[in-house]
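Presented below is the structure to which this report refers.
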(Lines give C-alpha, C1' and ligand atoms only; values in the text may rest on other atoms or scores of the structure.)
Protein backbone atom coordinates (compact mmCIF):
# COMPACT_ATOMS: atom_id res chain seq x y z
CA UNK A 1 0.00 0.00 0.00
CA UNK A 2 1.09 3.53 -0.76
CA UNK A 3 0.25 6.81 0.88
CA UNK A 4 0.85 10.26 -0.62
CA UNK A 5 0.29 13.75 0.77
CA UNK A 6 0.39 17.14 -0.86
CA UNK A 7 -0.93 20.63 -0.17
CA UNK A 8 -2.32 23.10 -2.68
CA UNK A 9 -2.13 26.82 -1.90
CA UNK A 10 -4.46 29.57 -3.05
CA UNK A 11 -4.46 33.34 -2.69
CA UNK A 12 -7.45 34.53 -4.68
CA UNK A 13 -7.93 38.05 -6.04
CA UNK A 14 -11.61 37.97 -5.29
CA UNK A 15 -13.34 37.24 -2.01
CA UNK A 16 -15.49 34.52 -3.58
CA UNK A 17 -14.54 32.32 -6.53
CA UNK A 18 -14.34 28.82 -7.94
CA UNK A 19 -10.96 27.45 -9.10
CA UNK A 20 -10.81 24.29 -11.20
CA UNK A 21 -8.15 22.05 -9.60
CA UNK A 22 -8.79 18.84 -11.58
CA UNK A 23 -5.49 19.13 -13.45
CA UNK A 24 -3.48 19.61 -10.26
CA UNK A 25 -5.17 16.62 -8.68
CA UNK A 26 -4.38 14.53 -11.74
CA UNK A 27 -0.73 15.45 -11.26
CA UNK A 28 -0.90 14.41 -7.60
CA UNK A 29 -2.21 10.99 -8.68
CA UNK A 30 0.69 10.69 -11.16
CA UNK A 31 3.22 11.55 -8.46
CA UNK A 32 1.62 9.16 -5.97
CA UNK A 33 2.04 6.30 -8.47
CA UNK A 34 -1.17 4.77 -7.15
CA UNK A 35 -3.08 2.59 -9.62
CA UNK A 36 -6.16 1.77 -7.53
CA UNK A 37 -7.20 3.90 -4.60
CA UNK A 38 -8.86 6.97 -3.19
CA UNK A 39 -7.85 10.63 -3.28
CA UNK A 40 -9.18 12.81 -0.48
CA UNK A 41 -9.30 16.55 -1.25
CA UNK A 42 -10.21 18.72 1.71
CA UNK A 43 -10.21 22.49 2.28
CA UNK A 44 -8.24 23.15 5.48
CA UNK A 45 -9.61 26.64 6.06
CA UNK A 46 -13.14 26.73 7.39
CA UNK A 47 -14.46 29.32 4.95
CA UNK A 48 -13.76 27.28 1.80
CA UNK A 49 -15.02 24.03 0.32
CA UNK A 50 -14.67 21.54 -2.54
CA UNK A 51 -17.31 21.26 -5.28
CA UNK A 52 -17.46 18.49 -7.89
CA UNK A 53 -19.55 19.68 -10.79
CA UNK A 54 -19.61 21.32 -14.21
CA UNK A 55 -17.00 23.62 -15.83
CA UNK A 56 -19.70 25.93 -17.23
CA UNK A 57 -19.50 29.64 -16.53
CA UNK A 58 -23.27 30.15 -16.28
CA UNK A 59 -23.76 27.33 -13.80
CA UNK A 60 -20.81 28.49 -11.72
CA UNK A 61 -22.47 31.92 -11.40
CA UNK A 62 -25.80 30.23 -10.62
CA UNK A 63 -24.13 28.29 -7.80
CA UNK A 64 -22.57 31.38 -6.28
CA UNK A 65 -25.82 33.39 -6.50
CA UNK A 66 -27.78 30.49 -4.99
CA UNK A 67 -25.31 30.13 -2.10
CA UNK A 68 -25.67 33.86 -1.49
CA UNK A 69 -29.45 33.39 -1.30
CA UNK A 70 -29.29 30.46 1.11
CA UNK A 71 -26.40 31.71 3.26
CA UNK A 72 -26.40 35.49 2.80
CA UNK A 73 -24.01 38.07 4.18
CA UNK A 74 -25.82 39.48 7.22
CA UNK A 75 -25.01 41.97 9.96
CA UNK A 76 -26.65 40.01 12.75
CA UNK A 77 -24.64 36.79 12.90
CA UNK A 78 -23.41 36.21 16.45
CA UNK A 79 -20.00 35.34 14.96
CA UNK A 80 -19.65 39.12 14.29
CA UNK A 81 -19.06 39.65 18.00
CA UNK A 82 -15.59 38.16 17.59
CA UNK A 83 -14.83 40.86 15.01
CA UNK A 84 -15.18 38.39 12.11
CA UNK A 85 -17.41 39.34 9.17
CA UNK A 86 -17.27 35.94 7.44
CA UNK A 87 -20.00 33.87 9.15
CA UNK A 88 -21.72 33.53 5.76
CA UNK A 89 -18.56 31.92 4.36
CA UNK A 90 -18.60 29.27 7.12
CA UNK A 91 -22.21 28.44 6.18
CA UNK A 92 -21.46 28.38 2.43
CA UNK A 93 -18.65 25.89 3.12
CA UNK A 94 -21.20 23.77 4.99
CA UNK A 95 -23.60 23.80 2.01
CA UNK A 96 -21.12 22.74 -0.68
CA UNK A 97 -19.26 20.52 1.83
CA UNK A 98 -15.61 20.97 2.54
CA UNK A 99 -14.25 17.86 0.87
CA UNK A 100 -14.58 15.11 -1.71
CA UNK A 101 -13.10 11.63 -2.10
CA UNK A 102 -12.16 10.84 -5.69
CA UNK A 103 -11.75 7.25 -6.88
CA UNK A 104 -8.52 6.30 -8.68
CA UNK A 105 -8.76 3.54 -11.31
CA UNK A 106 -5.94 2.34 -13.56
CA UNK A 107 -3.73 5.18 -12.40
CA UNK A 108 -6.18 8.00 -13.12
CA UNK A 109 -8.93 9.95 -11.37
CA UNK A 110 -12.09 8.01 -12.16
CA UNK A 111 -14.44 10.95 -12.73
CA UNK A 112 -17.67 11.11 -14.73
CA UNK A 113 -17.63 12.69 -18.20
CA UNK A 114 -18.42 16.20 -16.90
CA UNK A 115 -17.14 15.97 -13.35
CA UNK A 116 -14.58 18.65 -12.57
CA UNK A 117 -13.20 19.42 -9.12
CA UNK A 118 -13.32 23.00 -7.82
CA UNK A 119 -11.78 24.77 -4.89
CA UNK A 120 -14.65 26.95 -3.65
CA UNK A 121 -13.41 30.09 -1.93
CA UNK A 122 -15.86 32.15 0.12
CA UNK A 123 -13.49 34.42 2.04
CA UNK A 124 -10.30 34.74 0.06
CA UNK A 125 -7.70 37.39 -0.67
CA UNK A 126 -5.30 35.63 1.73
CA UNK A 127 -3.21 32.45 1.56
CA UNK A 128 -5.23 29.30 2.10
CA UNK A 129 -4.57 25.60 1.85
CA UNK A 130 -6.10 22.32 0.62
CA UNK A 131 -4.83 18.90 1.69
CA UNK A 132 -4.61 16.05 -0.81
CA UNK A 133 -4.23 12.58 0.70
CA UNK A 134 -4.01 9.52 -1.54
CA UNK A 135 -4.20 5.91 -0.38
CA UNK A 136 -4.02 2.82 -2.57
CA UNK A 137 -2.09 0.17 -4.44
CA UNK B 1 -4.55 -4.65 0.71
CA UNK B 2 -7.33 -5.15 -1.80
CA UNK B 3 -8.99 -2.75 -4.18
CA UNK B 4 -12.29 -3.35 -5.96
CA UNK B 5 -14.19 -1.28 -8.52
CA UNK B 6 -17.67 -1.59 -9.92
CA UNK B 7 -20.19 0.65 -11.67
CA UNK B 8 -23.95 0.73 -11.15
CA UNK B 9 -26.18 1.91 -14.00
CA UNK B 10 -29.55 3.59 -13.76
CA UNK B 11 -32.12 4.67 -16.33
CA UNK B 12 -35.05 6.00 -14.31
CA UNK B 13 -38.63 6.32 -15.58
CA UNK B 14 -39.10 9.57 -13.71
CA UNK B 15 -37.02 12.70 -13.83
CA UNK B 16 -36.55 12.75 -10.06
CA UNK B 17 -36.48 9.73 -7.77
CA UNK B 18 -34.68 7.91 -4.98
CA UNK B 19 -33.46 4.33 -5.54
CA UNK B 20 -32.36 2.20 -2.59
CA UNK B 21 -29.00 0.66 -3.57
CA UNK B 22 -28.00 -0.80 -0.17
CA UNK B 23 -28.48 -4.38 -1.39
CA UNK B 24 -26.34 -3.84 -4.49
CA UNK B 25 -23.59 -2.27 -2.38
CA UNK B 26 -23.70 -5.23 0.01
CA UNK B 27 -23.11 -7.48 -2.98
CA UNK B 28 -20.14 -5.34 -4.06
CA UNK B 29 -18.61 -5.80 -0.60
CA UNK B 30 -19.12 -9.57 -0.88
CA UNK B 31 -17.43 -9.64 -4.28
CA UNK B 32 -14.56 -7.45 -3.06
CA UNK B 33 -13.85 -9.94 -0.25
CA UNK B 34 -12.78 -7.05 1.96
CA UNK B 35 -13.21 -7.62 5.70
CA UNK B 36 -12.13 -4.19 7.00
CA UNK B 37 -12.21 -1.14 4.81
CA UNK B 38 -14.07 1.70 3.15
CA UNK B 39 -16.57 1.70 0.31
CA UNK B 40 -16.83 4.92 -1.69
CA UNK B 41 -20.11 5.39 -3.59
CA UNK B 42 -20.15 8.38 -5.90
CA UNK B 43 -22.60 9.59 -8.56
CA UNK B 44 -20.60 10.21 -11.75
CA UNK B 45 -23.21 12.41 -13.42
CA UNK B 46 -23.41 15.91 -12.05
CA UNK B 47 -27.19 16.01 -11.67
CA UNK B 48 -27.42 13.08 -9.23
CA UNK B 49 -26.24 12.39 -5.69
CA UNK B 50 -26.05 9.80 -2.90
CA UNK B 51 -28.26 10.06 0.21
CA UNK B 52 -27.83 7.95 3.35
CA UNK B 53 -31.06 8.04 5.30
CA UNK B 54 -34.40 6.35 6.01
CA UNK B 55 -36.39 3.92 3.82
CA UNK B 56 -39.68 5.63 4.67
CA UNK B 57 -41.96 6.75 1.86
CA UNK B 58 -43.20 9.88 3.65
CA UNK B 59 -39.73 11.13 4.48
CA UNK B 60 -38.52 10.43 0.95
CA UNK B 61 -41.32 12.67 -0.39
CA UNK B 62 -40.49 15.27 2.28
CA UNK B 63 -36.86 15.29 1.10
CA UNK B 64 -37.79 15.75 -2.54
CA UNK B 65 -40.31 18.54 -1.76
CA UNK B 66 -37.77 20.28 0.47
CA UNK B 67 -35.05 20.11 -2.21
CA UNK B 68 -37.55 21.60 -4.66
CA UNK B 69 -38.11 24.48 -2.21
CA UNK B 70 -34.41 25.16 -1.66
CA UNK B 71 -33.23 24.56 -5.24
CA UNK B 72 -36.32 25.13 -7.40
CA UNK B 73 -36.74 24.76 -11.14
CA UNK B 74 -36.42 28.31 -12.48
CA UNK B 75 -36.38 29.95 -15.87
CA UNK B 76 -33.67 32.45 -15.07
CA UNK B 77 -30.63 30.29 -14.29
CA UNK B 78 -27.70 31.39 -16.45
CA UNK B 79 -27.03 27.72 -17.19
CA UNK B 80 -30.16 27.90 -19.44
CA UNK B 81 -28.12 29.83 -21.99
CA UNK B 82 -26.31 26.62 -22.90
CA UNK B 83 -29.68 25.08 -23.76
CA UNK B 84 -29.72 23.00 -20.56
CA UNK B 85 -32.84 23.11 -18.36
CA UNK B 86 -31.35 21.18 -15.43
CA UNK B 87 -29.50 23.82 -13.36
CA UNK B 88 -31.79 22.97 -10.42
CA UNK B 89 -30.59 19.35 -10.58
CA UNK B 90 -26.94 20.47 -10.26
CA UNK B 91 -27.90 22.43 -7.13
CA UNK B 92 -29.94 19.56 -5.65
CA UNK B 93 -26.90 17.28 -6.10
CA UNK B 94 -24.88 19.87 -4.19
CA UNK B 95 -27.38 19.89 -1.29
CA UNK B 96 -27.56 16.11 -0.76
CA UNK B 97 -23.87 15.73 -1.71
CA UNK B 98 -22.79 13.49 -4.54
CA UNK B 99 -21.13 10.74 -2.54
CA UNK B 100 -20.76 8.79 0.68
CA UNK B 101 -18.01 6.63 2.19
CA UNK B 102 -19.37 3.54 3.94
CA UNK B 103 -17.32 1.68 6.54
CA UNK B 104 -16.85 -2.09 6.11
CA UNK B 105 -16.47 -4.14 9.31
CA UNK B 106 -16.19 -7.95 9.54
CA UNK B 107 -16.98 -8.24 5.85
CA UNK B 108 -20.17 -6.18 5.88
CA UNK B 109 -21.31 -2.59 5.41
CA UNK B 110 -21.22 -1.12 8.91
CA UNK B 111 -24.38 0.98 8.74
CA UNK B 112 -26.61 2.25 11.54
CA UNK B 113 -29.91 0.45 12.26
CA UNK B 114 -31.92 2.64 9.87
CA UNK B 115 -29.22 3.79 7.48
CA UNK B 116 -30.04 2.94 3.88
CA UNK B 117 -28.12 4.19 0.86
CA UNK B 118 -30.01 5.88 -1.97
CA UNK B 119 -29.11 6.93 -5.47
CA UNK B 120 -30.76 10.36 -5.75
CA UNK B 121 -31.69 11.18 -9.34
CA UNK B 122 -32.62 14.76 -10.21
CA UNK B 123 -32.49 14.67 -14.01
CA UNK B 124 -33.08 11.09 -15.12
CA UNK B 125 -34.79 9.28 -17.97
CA UNK B 126 -31.37 8.54 -19.47
CA UNK B 127 -28.53 6.13 -18.65
CA UNK B 128 -26.41 7.26 -15.73
CA UNK B 129 -23.65 5.78 -13.64
CA UNK B 130 -22.38 5.43 -10.08
CA UNK B 131 -18.84 4.33 -9.21
CA UNK B 132 -18.19 1.99 -6.28
CA UNK B 133 -14.58 1.85 -5.08
CA UNK B 134 -13.64 -0.40 -2.17
CA UNK B 135 -10.28 -0.36 -0.34
CA UNK B 136 -9.30 -2.54 2.59
CA UNK B 137 -7.96 -5.76 4.02
CA UNK C 1 -1.88 -1.87 5.99
CA UNK C 2 -3.81 -1.40 9.20
CA UNK C 3 -7.51 -1.05 9.87
CA UNK C 4 -9.06 0.22 13.09
CA UNK C 5 -12.68 0.57 14.18
CA UNK C 6 -14.26 2.29 17.14
CA UNK C 7 -17.66 3.63 18.11
CA UNK C 8 -18.41 6.81 20.03
CA UNK C 9 -21.66 7.02 22.03
CA UNK C 10 -23.67 10.11 22.86
CA UNK C 11 -26.75 10.74 24.98
CA UNK C 12 -27.29 14.48 24.89
CA UNK C 13 -29.28 16.48 27.43
CA UNK C 14 -30.67 18.73 24.74
CA UNK C 15 -32.51 17.79 21.59
CA UNK C 16 -30.11 19.76 19.39
CA UNK C 17 -26.45 20.42 20.11
CA UNK C 18 -22.89 20.34 18.80
CA UNK C 19 -20.25 18.26 20.60
CA UNK C 20 -16.56 18.76 19.83
CA UNK C 21 -15.10 15.26 19.27
CA UNK C 22 -11.67 16.25 17.91
CA UNK C 23 -9.89 15.04 21.05
CA UNK C 24 -11.60 11.65 20.99
CA UNK C 25 -10.72 11.23 17.33
CA UNK C 26 -7.09 12.10 18.06
CA UNK C 27 -7.10 9.30 20.63
CA UNK C 28 -8.54 6.88 18.06
CA UNK C 29 -5.66 7.74 15.70
CA UNK C 30 -3.19 7.08 18.54
CA UNK C 31 -4.76 3.70 19.27
CA UNK C 32 -4.85 2.78 15.57
CA UNK C 33 -1.09 3.40 15.33
CA UNK C 34 -1.58 4.60 11.76
CA UNK C 35 1.02 7.08 10.48
CA UNK C 36 -0.44 7.85 7.04
CA UNK C 37 -4.08 7.26 6.25
CA UNK C 38 -7.70 8.31 6.41
CA UNK C 39 -10.11 8.46 9.31
CA UNK C 40 -13.81 8.18 8.44
CA UNK C 41 -16.20 9.60 11.03
CA UNK C 42 -19.86 8.90 10.33
CA UNK C 43 -23.05 9.41 12.36
CA UNK C 44 -24.91 6.07 12.35
CA UNK C 45 -28.28 7.53 13.37
CA UNK C 46 -30.10 9.31 10.59
CA UNK C 47 -30.96 12.44 12.58
CA UNK C 48 -27.36 13.44 13.34
CA UNK C 49 -24.35 14.56 11.32
CA UNK C 50 -20.67 15.53 11.43
CA UNK C 51 -19.56 19.16 11.02
CA UNK C 52 -15.95 20.28 10.54
CA UNK C 53 -15.69 23.93 11.43
CA UNK C 54 -14.92 26.49 14.11
CA UNK C 55 -14.99 26.11 17.93
CA UNK C 56 -16.62 29.52 18.39
CA UNK C 57 -19.81 29.78 20.43
CA UNK C 58 -21.38 32.54 18.31
CA UNK C 59 -20.84 30.70 15.04
CA UNK C 60 -22.16 27.46 16.53
CA UNK C 61 -25.40 29.26 17.44
CA UNK C 62 -25.47 30.87 13.98
CA UNK C 63 -25.23 27.41 12.40
CA UNK C 64 -28.05 25.98 14.49
CA UNK C 65 -30.33 29.01 13.83
CA UNK C 66 -29.57 28.85 10.11
CA UNK C 67 -30.33 25.11 9.95
CA UNK C 68 -33.62 25.85 11.72
CA UNK C 69 -34.41 28.42 9.01
CA UNK C 70 -33.57 26.12 6.11
CA UNK C 71 -35.00 22.91 7.57
CA UNK C 72 -37.59 24.05 10.14
CA UNK C 73 -39.73 22.00 12.48
CA UNK C 74 -43.09 21.76 10.72
CA UNK C 75 -46.38 19.99 11.36
CA UNK C 76 -47.01 19.00 7.76
CA UNK C 77 -44.09 16.69 6.95
CA UNK C 78 -45.44 13.40 5.58
CA UNK C 79 -42.97 11.62 7.88
CA UNK C 80 -45.34 12.64 10.73
CA UNK C 81 -47.80 9.98 9.58
CA UNK C 82 -45.48 7.31 10.98
CA UNK C 83 -45.78 9.01 14.39
CA UNK C 84 -42.28 10.52 14.11
CA UNK C 85 -41.87 14.24 14.79
CA UNK C 86 -38.24 14.46 13.66
CA UNK C 87 -38.41 14.94 9.89
CA UNK C 88 -36.62 18.27 10.31
CA UNK C 89 -33.69 16.44 11.96
CA UNK C 90 -33.33 14.13 8.93
CA UNK C 91 -33.13 17.21 6.69
CA UNK C 92 -30.65 19.00 8.98
CA UNK C 93 -28.41 15.91 8.84
CA UNK C 94 -28.61 16.15 5.04
CA UNK C 95 -27.52 19.82 5.07
CA UNK C 96 -24.45 19.42 7.29
CA UNK C 97 -23.74 15.96 5.80
CA UNK C 98 -23.52 12.89 8.00
CA UNK C 99 -19.80 12.24 7.74
CA UNK C 100 -16.29 13.48 7.14
CA UNK C 101 -13.03 11.84 6.11
CA UNK C 102 -10.02 13.21 8.00
CA UNK C 103 -6.49 12.83 6.66
CA UNK C 104 -3.83 11.36 8.96
CA UNK C 105 -0.24 12.56 8.42
CA UNK C 106 2.77 11.62 10.54
CA UNK C 107 0.54 9.89 13.06
CA UNK C 108 -1.83 12.81 13.63
CA UNK C 109 -5.09 14.19 12.28
CA UNK C 110 -4.02 16.59 9.54
CA UNK C 111 -6.54 19.38 10.19
CA UNK C 112 -6.36 23.05 9.31
CA UNK C 113 -5.48 25.58 12.03
CA UNK C 114 -9.11 26.15 13.04
CA UNK C 115 -10.71 22.90 11.91
CA UNK C 116 -12.50 21.12 14.75
CA UNK C 117 -14.76 18.11 14.32
CA UNK C 118 -18.28 18.19 15.80
CA UNK C 119 -20.94 15.61 16.36
CA UNK C 120 -24.12 17.46 15.32
CA UNK C 121 -27.18 16.16 17.14
CA UNK C 122 -30.61 17.15 15.86
CA UNK C 123 -32.84 14.70 17.75
CA UNK C 124 -31.03 13.65 20.89
CA UNK C 125 -31.89 12.79 24.47
CA UNK C 126 -31.33 9.11 23.66
CA UNK C 127 -28.28 6.92 23.09
CA UNK C 128 -26.76 7.36 19.66
CA UNK C 129 -23.62 6.20 17.91
CA UNK C 130 -20.83 7.36 15.59
CA UNK C 131 -18.52 4.95 13.74
CA UNK C 132 -14.81 5.72 13.38
CA UNK C 133 -12.98 3.69 10.73
CA UNK C 134 -9.27 4.24 10.12
CA UNK C 135 -7.28 2.82 7.20
CA UNK C 136 -3.60 3.37 6.53
CA UNK C 137 0.03 2.50 7.04
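Per-chain residue numbering starts at 1, and chain names A, B and C are given in the order in which the chains are listed.
The rule is simple: contacts are C-beta pairs under 8 Å (C-beta built on N, C-alpha and C of every residue); 3 or more make two chains touch, one makes a residue touch a chain.
Note that the structure is a prediction, hence the values are computed from the model and not measured.
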Other chains in touch with both subunit A and subunit C: B
Classification of the subunit B:subunit C interface as same or different, half of numbers criterion: different
Centroid spacing, where centroids are CA-atom means, of subunit B and subunit C in whole angstrom: 20
Two or more partner chains touched - positions in subunit B: 1, 38, 70, 95, 97, 101, 135
List of subunit B residues in touch with subunit C within their complex: 1, 36-38, 51-54, 56-59, 61-63, 66, 70, 95-97, 100-105, 110-115, 135-137
Of all residues in subunit A, those that touch subunit C in their complex: 1, 3, 5, 38, 40, 42-46, 70-71, 77-82, 87, 90-91, 93-95, 97-99, 101, 129, 131, 133, 135
